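Order of writing sets the labels: A, B and C. Residues in every chain begin at 1.
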Amino acid sequence: MVLENPFIPYLATLKSAVQLTPDVKLLRIQLESPAVKASFDYKPGQFALLSAFGEGEAPFGIVSLPRRSDGLEFAVRRIGTVTRALHELELGDVLGVRGPFGNYFPLEDYTGKNIVIIGGGIGMAPLRPVINKILEQRDDYGNLLIINGARTPQDLVFAPEFKIWMEAPRTKLQLTVDRGDESWGERVALVPDVVKEVAPSPDNAIAITCGPPIMIHYTLAVLRELGFKDNQIVTTLEAKMKCGLGKCARCNVGDKYVCQDGPVFTLEQISQFLEQP
Amino acid sequence: MDSELIQQIRNQARDLLESGTVKGVIGYERASDGLTARPAFVYELAAVERLIFDETCTHNLVIYLRDKKAEKMAIVVKPCDSRAINLLLNEKQIKRETLFIIGVTCPGVVETSWNYKGQTLQARCQTCQLSKPLVYDFLVGHEPVEWPKAVPYLNVQEMENKSIAARRDFWLGQFERCIRCYACRQVCPGCYCPECFVEQLDPLWVGIRIAPKENELWQIMRAFHLAGRCIGCDECERVCPVDIPLSLLNQKLEKKVKELFDFQAGLSPEEQPPLATFKKEEKLGFEE
Amino acid sequence: MRWLDQLLQERILLAPVRVEGLILFQPVSKVEEVALDFGNTTFSPKEWFLPPTETLFSMQRNDGQPQLVPSMVEKDVVIFGLRSCDAKGIALMDGPFLREPADTLYQERRTRTSLIGLSCRQAQPECFCTSVGSAPNDSSHVDILLTEIEDGYIVQVITDKGKALLPQALVESEEALPPPPELQAVPTKQVTQAVREFFNNPYWGRLADRCLHCNICAYVCPTCYCFDVRDYSNKGSLERVRSWDSCQSAGFTRIAGGYERRATKGARLRQRFSHKLLYFPEEFHDIACVGCGRCVKSCPVNIDIREVMSDLEQLEAKSGS
């Protein structure tokens, strides 16, 4: 359902806020209008523009699965003015939602394949609903390898869900951090290096990656080296966004608008236009 | 066109590039109208022939040094431009050793815009007190010719003679046309802040609205940020697409600074700009 | 021209007006204010469809409950005296703005605005409309087209909307339309392909050396439409405002945290040309340039789109594709 003026957000209230890491909160919001709630259908990969009224609006991947949570979940990293305002909202406060926007991960096309998920820092957010969807329909997919990195152990965003991921059949979880601490027993390495070390096979596989631009840049190179073709490598991109409607001409990577043609892209679609970091 | 002068510039450029002394030469070349000039960046010997110098070379090329800090560059500099070099040296924005300055004894430049070349010298040339650049590594051109200079700040005085209400009406009317293209800021050697105050979100000083109140705030604050720093190249006024008389505004503040502190920016690479310098013995105006 | 007075009765009439040294489309209250002897206006009429600043919506609180109030478009408008290139510019902007979901503010203005074009009897040195799919007397995108002749104007009624503007009596004319002026030719056949092929060529960085990254080219252009959006709040009430922006401005693609997709001067300058010559035509089948030459005239450092197109064609020719 689209409101008359596509710039006007739906109103929603903040239902819960869970501190996942020192700077990331999991916000769950509920749309106020029952009609909007009923028609707000989305798939993993899509995003919404959240308004902290008075501060501004910014895009966030929807990290919940529809029908699996009461409301829309977003993992918001506190880094600028809008995210700070979202972090400072109290339960019951009103915020704005526009969406769902963008394309989604074509998970139907991945059935029967081995899936390699490579996420860094807050980049795990759009990948979480992909993992959960695969786990929901586990038999439809091949092996699942999750490589998850962060700056420090405290910055691993979905740590509380690791146990569920690890216990799923034919699923491996490889963790890594840039800086460990006394209690950290796993790897201390950069994500692209871990991908190189683990060396997942490209046979019948799809690799999906998301993270800081520099991590994506090197991870894409490593995946190519390992033999993944450009149409087997998938990423989801962040961009500065203002309208979310393909009109303000800001969020494009070459001829693709992240808000309309993305945020999910295969490397084949965007490799020519990716800027060097 | 002074072909001897142009040859001198080209010879210098050739020598500097051939010897590897500089990565590139920033100078002037003919614009697409075949009549006026535009900035040129020459990195290869074959391109040296593009360099020219004539009365349409109004641009202040010093602004480009801010983006070329990593390499040693040669730059063609008029006397007014050399004041900008001193300003940036003084404010520690560029390093002298990264520059090879080809100074030109400039006979003045005329008003130009695309496909148009004026017949009279620009106002700033008519009041210019410099006959050759204040800083250079190599000087090209003829012995500077002295010509009668006009009295500076006459236009400022004319405005000062008007009532405050008349002045306010005049300027608010001018600012209404502003479209906040920021060309004045982009072309100004003194405007080099990595984040301009208009881009700040927190606090939101001006914001993005293109409207009279915000325009006024933008124009006046920029003028004040340049007080005691403007070197009078008048490029801001040339580039303004809506013909706001920006140099008149800046000159008012320069005149004030000159009267109060007997100071003009850019005359030496080591000066103490009055609005950035504190002296214990300063008159604060409220004691005694 | 008395006819224009009549139109003024129930509509806002926008026409070229001399303001200091500029020619701007402004609301007029008397026919005498209209300038008729001019090449082209300083700014295109796009500001009357996408204003430099406008409020998208405001937020009010009724009994503590927030309510979002959209902005309204007020009156019917007639734009008089626009050139064929500018009319095409508006038609090109329809592409992104009317594409689903339509920008309702733009759409409303577009529906309620009628366009009375004025054929060019003379070309300006910067004009090149015929190289980009338009012409000095192109009537495709206006409701009425006027062509000046010795003792008046030939009036071509193009659309029903145009018909509705005319008074009852109009003399049928047998007069032939005068030929349009000749224009320079700029090579444009290969530009789209060339931009794609030479995307990573150092040409863009070199060209950007002299670019000031001011917003002039985008603001005077009839088909540039980038905008910025910001919230303004004051004691509990809120306005979400959009204003003109340009892909050239520093920080255009900078996100919180500091990452910037188009960080270099070359990347930013390339974006403007790639958008106009490659991305826009891929989606809307027409390059986003109408040959008005305003950017050529206004660029303080003479970055000339005709030269860029010619350079790209040369790169293409040299590569032998």
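The rule is simple: a residue touches a chain if its C-beta (ideal position, glycine included) is under 8 Å from a C-beta of that chain, and two chains touch if they have at least 3 such contacts.
Bear in mind that the values here come from a model prediction, so they are computed numbers and not experimental data.
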Exercise. Measuring centre to centre with C-alpha atoms, which chain is farthest from chain B?
Worked result: A
For this session: By CA centroids, point me to the most central chain in this structure.
Result: C
Exercise. So what's the Cα centroid distance for chain B and chain C, whole Å?
Worked result: 32
Problem set entry | Euclidean distance of C-alpha centroids - chain A vs chain C, Å | 37
Exercise. How many angstrom lie between the CA centroids of chain A and chain B, rounded to a whole number?
Worked result: 48
Exercise. Where does chain A touch two or more other chains at once, residue-wise?
Worked result: 81
Exercise. Where does chain C touch two or more other chains at once, residue-wise?
Worked result: 228, 230, 245
Exercise. What are the residues of chain B that contact at least two other chains?
Worked result: none
Exercise. Mind pulling up the chain C residues that touch chain A in the complex?
Worked result: 56-57, 59, 66, 68, 70, 96-97, 99, 101-105, 196, 199-200, 225-231, 233, 238, 240, 242, 245, 247, 252-257, 259, 261-263, 267, 271, 274-275, 278-279, 282-283
Exercise. Which residues of chain C touch chain B in their complex?
Worked result: 19-22, 42-43, 52-53, 125-126, 206, 209-210, 212-216, 219-220, 228, 230, 232, 241, 243-245, 249-251, 265, 296-302, 304, 306-307
Exercise. Once bound in the complex, which stretches of chain B touch chain C?
Worked result: 31-33, 36, 38-41, 43, 59, 63-64, 67, 113-115, 177, 179-183, 185-187, 195, 199, 204, 207-211, 235, 238-239, 241-243
Problem set entry | Residues on chain A engaged by chain C in the complex (per definition of touch) | 2, 4-9, 11, 51, 53-58, 79-83, 94, 96, 212-213, 238-240, 242-243, 245-255, 272-273, 275
